[in-house]
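Chain lettering (A, B, C, D and E) follows the sequence in which the chains are written, and residue indices restart at 1 in each chain.
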Amino acid sequence: MDIGLIAGILGGFALVLYGILAGGSPMSSFIDVGSIVIVIGGGIAATFVQYPLGDMLGIGKVFSKALKNPEFNTGQIIDKVIELANIARREGLLALEEAVDQVNDDFLKKGVMLIVDGTDPEMVKAILETELMNMTDRHSRGRGIFEALGALMPAFGMIGTLVGLVAMLQNLSDPSSIGPSMAVALLTTFYGSLFANLIFIPIAGKLKIKSDEEFLVKQVMIEGLLSIQAGENPRIIEQKLKAFLSPSVRGAIGTPEEGGKDE
Amino acid sequence: MDIGLIAGILGGFALVLYGILAGGSPMSSFIDVGSIVIVIGGGIAATFVQYPLGDMLGIGKVFSKALKNPEFNTGQIIDKVIELANIARREGLLALEEAVDQVNDDFLKKGVMLIVDGTDPEMVKAILETELMNMTDRHSRGRGIFEALGALMPAFGMIGTLVGLVAMLQNLSDPSSIGPSMAVALLTTFYGSLFANLIFIPIAGKLKIKSDEEFLVKQVMIEGLLSIQAGENPRIIEQKLKAFLSPSVRGAIGTPEEGGKDE
Amino acid sequence: MDIGLIAGILGGFALVLYGILAGGSPMSSFIDVGSIVIVIGGGIAATFVQYPLGDMLGIGKVFSKALKNPEFNTGQIIDKVIELANIARREGLLALEEAVDQVNDDFLKKGVMLIVDGTDPEMVKAILETELMNMTDRHSRGRGIFEALGALMPAFGMIGTLVGLVAMLQNLSDPSSIGPSMAVALLTTFYGSLFANLIFIPIAGKLKIKSDEEFLVKQVMIEGLLSIQAGENPRIIEQKLKAFLSPSVRGAIGTPEEGGKDE
Amino acid sequence: MDIGLIAGILGGFALVLYGILAGGSPMSSFIDVGSIVIVIGGGIAATFVQYPLGDMLGIGKVFSKALKNPEFNTGQIIDKVIELANIARREGLLALEEAVDQVNDDFLKKGVMLIVDGTDPEMVKAILETELMNMTDRHSRGRGIFEALGALMPAFGMIGTLVGLVAMLQNLSDPSSIGPSMAVALLTTFYGSLFANLIFIPIAGKLKIKSDEEFLVKQVMIEGLLSIQAGENPRIIEQKLKAFLSPSVRGAIGTPEEGGKDE
Amino acid sequence: MDIGLIAGILGGFALVLYGILAGGSPMSSFIDVGSIVIVIGGGIAATFVQYPLGDMLGIGKVFSKALKNPEFNTGQIIDKVIELANIARREGLLALEEAVDQVNDDFLKKGVMLIVDGTDPEMVKAILETELMNMTDRHSRGRGIFEALGALMPAFGMIGTLVGLVAMLQNLSDPSSIGPSMAVALLTTFYGSLFANLIFIPIAGKLKIKSDEEFLVKQVMIEGLLSIQAGENPRIIEQKLKAFLSPSVRGAIGTPEEGGKDE
């Protein structure tokens, strides 16, 4: 699980809580159920206007993608492709059929099967690239809900504050109530900004990063599969695929490594 | 009909209403006909400056597109294309002329007719892609009116608030009227933000989603039609077209499914 | 003339006037010559910094383009191209020289003359596409002045308001003057927002729409001219060119139609 | 020299000065050296963080480009290219060597020398296009400093205003000083907006326009040089190059003209 | 080391300090540990939500890239490539193996080794371009953290101010505390704007500039290596590569120069 994501959200809330308590206010002055309902409810309602029901129900699945660590990194995939290239070179393309059973990535498996079936190289490329392109489009659409919520929550925060201000301004007779009324009015803007900037916008950003990483891994697979099908030398294939890696991790290929990024 | 869109808009208004009533204000303090006229009227007037009369009159038709559920999903279209591919393979391209009568999508029908007429494959591709590109441009223009309204309503909301503030500031002699005057002045900003964020911006977003879906379906049709004309094996065509689908729905092809989105 | 543009601007001003009068303020409180001078003058001065004198003097010509209805619509151009294709087929390419005298579009005429002169098809394509691309660039530059004014007017509106606020704040001794001073200070922001959102931004939008329409019409001409030169069948040319139209107007080709947009 | 640029800046300042004096404030209330230092100094300091020293020192050279009128316009360059084409046709490519001495544009001269040296046409095209692309990149980077200042000045204006507000709020004991303190606090925002919108943003815009014009002129040169090298007919070259011009100036080629823009 | 970056940040802080002291406030009124914790902590927490742990830990390495002066400039690389081209011409491609030992750029060395190994030119191009593209993607991702902080710090500044305002408004009983409370509330917005505009946004800008420069240098290397492999004339290679330089530095090639930018 992506500890950073959870820790970041919890840490952010803790820091804001610290800021509240350090200012000497009771926690209770910052909780107003009605305000939370307007900001979250309004943001979700507007998102329902834009996204089909199926997408809205699938938001949990999209979120779980943001949380999940990737099963492979690029280096491991390159190792696997080179292994397949060696098998193909020694025992022929048909021998890949057996090797494919140990591959537990569906995209790579599908590509290998296309090659084993003797599909035309142009066709293999077209099928795999179409699949990659449509995967990217689907990711971008799933991410869109988080981006929409990141934009709508502050908007409904401001709408809620306007509701509070109008109510307050039409009832100025009791001066002692002005401060607290205005405080409550500002809470919706506070919630909207906090939820957008601590949760929705960064999660959309993380989904983009994960999608880019998956795109890179699958580009490596396509490049490798086409090279295997063309019968290229495994050493050349290795050089080609390592060009997708940062120089600092190239030496490490073949050994397990933490998914960190370098350079 | 797109229940989510209607439910989202009604739900959003209900939540704002709840926020108003929860704050103890009478509903009436939030209704000001003059303010509504400035925001909606001003936004529409500015849109008339930008868009031709024909576009403005067609806005209902564009909105009905946002409301309408698509007749086909990609899976069903793939089934239909494979069916046509099998007919073409068994009985020849001319047999498609009869089969086409049961096709009730104009774009697919037109493509089939071009093939039956023996049009050159390059020409078939050019005609269908030109049509697809121009459809996308038309969609983008129709959507533009909603985007313009989504940007103009908050602008005219602010203009209305400035009108109210100037009027109030030039008449500060009666302190008791300041609060209510300012409340009314803020109402235009409130209306502008609410209409933009709950109605116009999300509807523009939904139109984009529907246009992207239609683009995908028509891309699948073009790909399929060109493969049929090239006499490709229906099994290969199926693999090619399934690459447009998310892995999770691929198995379901051939069985009716709810239009939901996955992955 | 583009009635919608004029009506939109007048209607927008009328609505704002209604808002002012409905609020019980005299019209005079909203007119301040000095403020108008700062907003309009400042915006124009800054535009002079950016655009060459020639462009600034040509702004009236650009505006008249926004006002003018197009002489042809795509459907009429398709009819004309098909007519030329039939002439070329029956009487040869040279017969187009006579037919061209009745064509009153300079771009189409130029294309026909290139064909009649026996220019190489690649060269015809290059010349016409270069011309189309440069037309689009010129349109985009002319439109840029309106976009700049749409961005600069609110900026100078805010600058004017800051001038007014600073003046007011340095002279708080007479409390009765605070309100009116602040009211006047806000007028520049009011003018800047109104002029930008009712005039300059929507006119820039209209110029973009007109440029896109002209681009489409000229694309159709290029496509048609190259097909005529290649000696293609007029029926095929018709199918190719109709792909540029929305399905709903395709049937109407050959009959005059109002320039409205559909789908 | 570009009179419009200078006149626009001076005119803009004059208008703001008029607005200040018309409001009855003394000019002195709008001058605060400390505020100017924060806005300009802060903006420049932040620009130093982003841009290398060499770029910062070269800002004067970039500004002088915004001020300088172009030596040639597209029409004159077309005349010159056609003249060279005629020489090449009559006397052979080598005769261009002599003609090139009268050419006082380095880019055109370089292209001619490449042709005279018998460089491969593909190579000529690659060299000239690489140079054009890198020129555009350099222009865009030089322009970037002005764009950065246009964004940073308002930001430091707001930072200065926050400094002033915090200072004022911590010392509310003397009510009579509140107004003037707040007035001074607002001055930084005023300076930041004015400098950005009257100077830096429009100058960045002018640099973009000049860069686009130079790009167009050099595109014409490349097109012309390649045509000369290919031995094309000067009449065809003229038609090709005139496609880069607006229809309204095409007739004027051969006569000197003011650099104005048309259509 | 990049003196400008350090000097810019220190200078910016000094100017703001000057502004504070010039306004007669004690430095202490502008320091509030709690506010700094909310702005910096909140911004970092939200960045942890978006970026993987490995990226966050590598931020120092990315920052050191912004600080480091480039080892080579384009002119020096061109000299080196021409030297290699001369060696290859005189002594054959294999002689490059020895020459490569003195090359201390890994990318150039790798390219030379590919050539010496007799790799297919298409493959050399593909490998080097893949590596360049992935380098650019990695740079853009590393830069993204600074861009995210530049956007998040002002957002958490506003969130902190809202916390302070709500606390203040709910406790208006002691009028003398209102000013100082509001002053403290504004400090978070002040910190957020200052850190974003003086540190994070300009550093992200500098990283972009450095990445663009490295991209240019590596493009020159690829172009040069492919020309060497194709056996092109060193004089032609020089002309090709100099097209990547600004005209004003072309003459200086061969002599060491300060990394400044020109034109």
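As a convention for this text, a residue touches a chain if its C-beta (ideal position, glycine included) is under 8 Å from a C-beta of that chain, and two chains touch if they have at least 3 such contacts.
Note that the structure is a prediction, hence the values are computed from the model and not measured.
Take away chain C in thought and the touching chains that remain still make one piece. Rotation angle for the C-alpha superposition of chain A on chain E: 70 degrees, rounded in steps of 5. Comparing the contact residues of chain B and chain C by number shows a mostly separate set, under half of all numbers used being common to the two copies.
Measuring from the averaged C-alpha position of chain A to that of chain C gives a distance of 40 Å.
Chain B and chain C, compared by their mean Cα positions, are separated by 25 Å. Across the assembly, chain E contributes no residue in contact with two or more other chains. Contact topology of the protein chains: cyclic, one closed ring where each chain has exactly two touching partners.
If you walk the ring beginning with chain A and heading to chain E next, you pass the chains as A, E, D, C, B.
Residues 34-35, 37-38, 41-42, 45-58, 61, 106, 114, 119, 123, 126-128, 130-131, 134-135, 137-139, 141-142, 144, 148, 152, 155-156, 158-160, 162-167, 169-172, 184 of chain C are the ones touching chain D in the complex. By the touch criterion stated above, chain C contacts chain B in their complex at residues 2-5, 7-9, 11-12, 15-16, 18-20, 22-25, 29-30, 176, 178-180, 182-183, 186-187, 189-190, 193-194, 196-199, 201-203, 205-206, 209, 212, 216, 236, 239-240, 243-247, 258-263.
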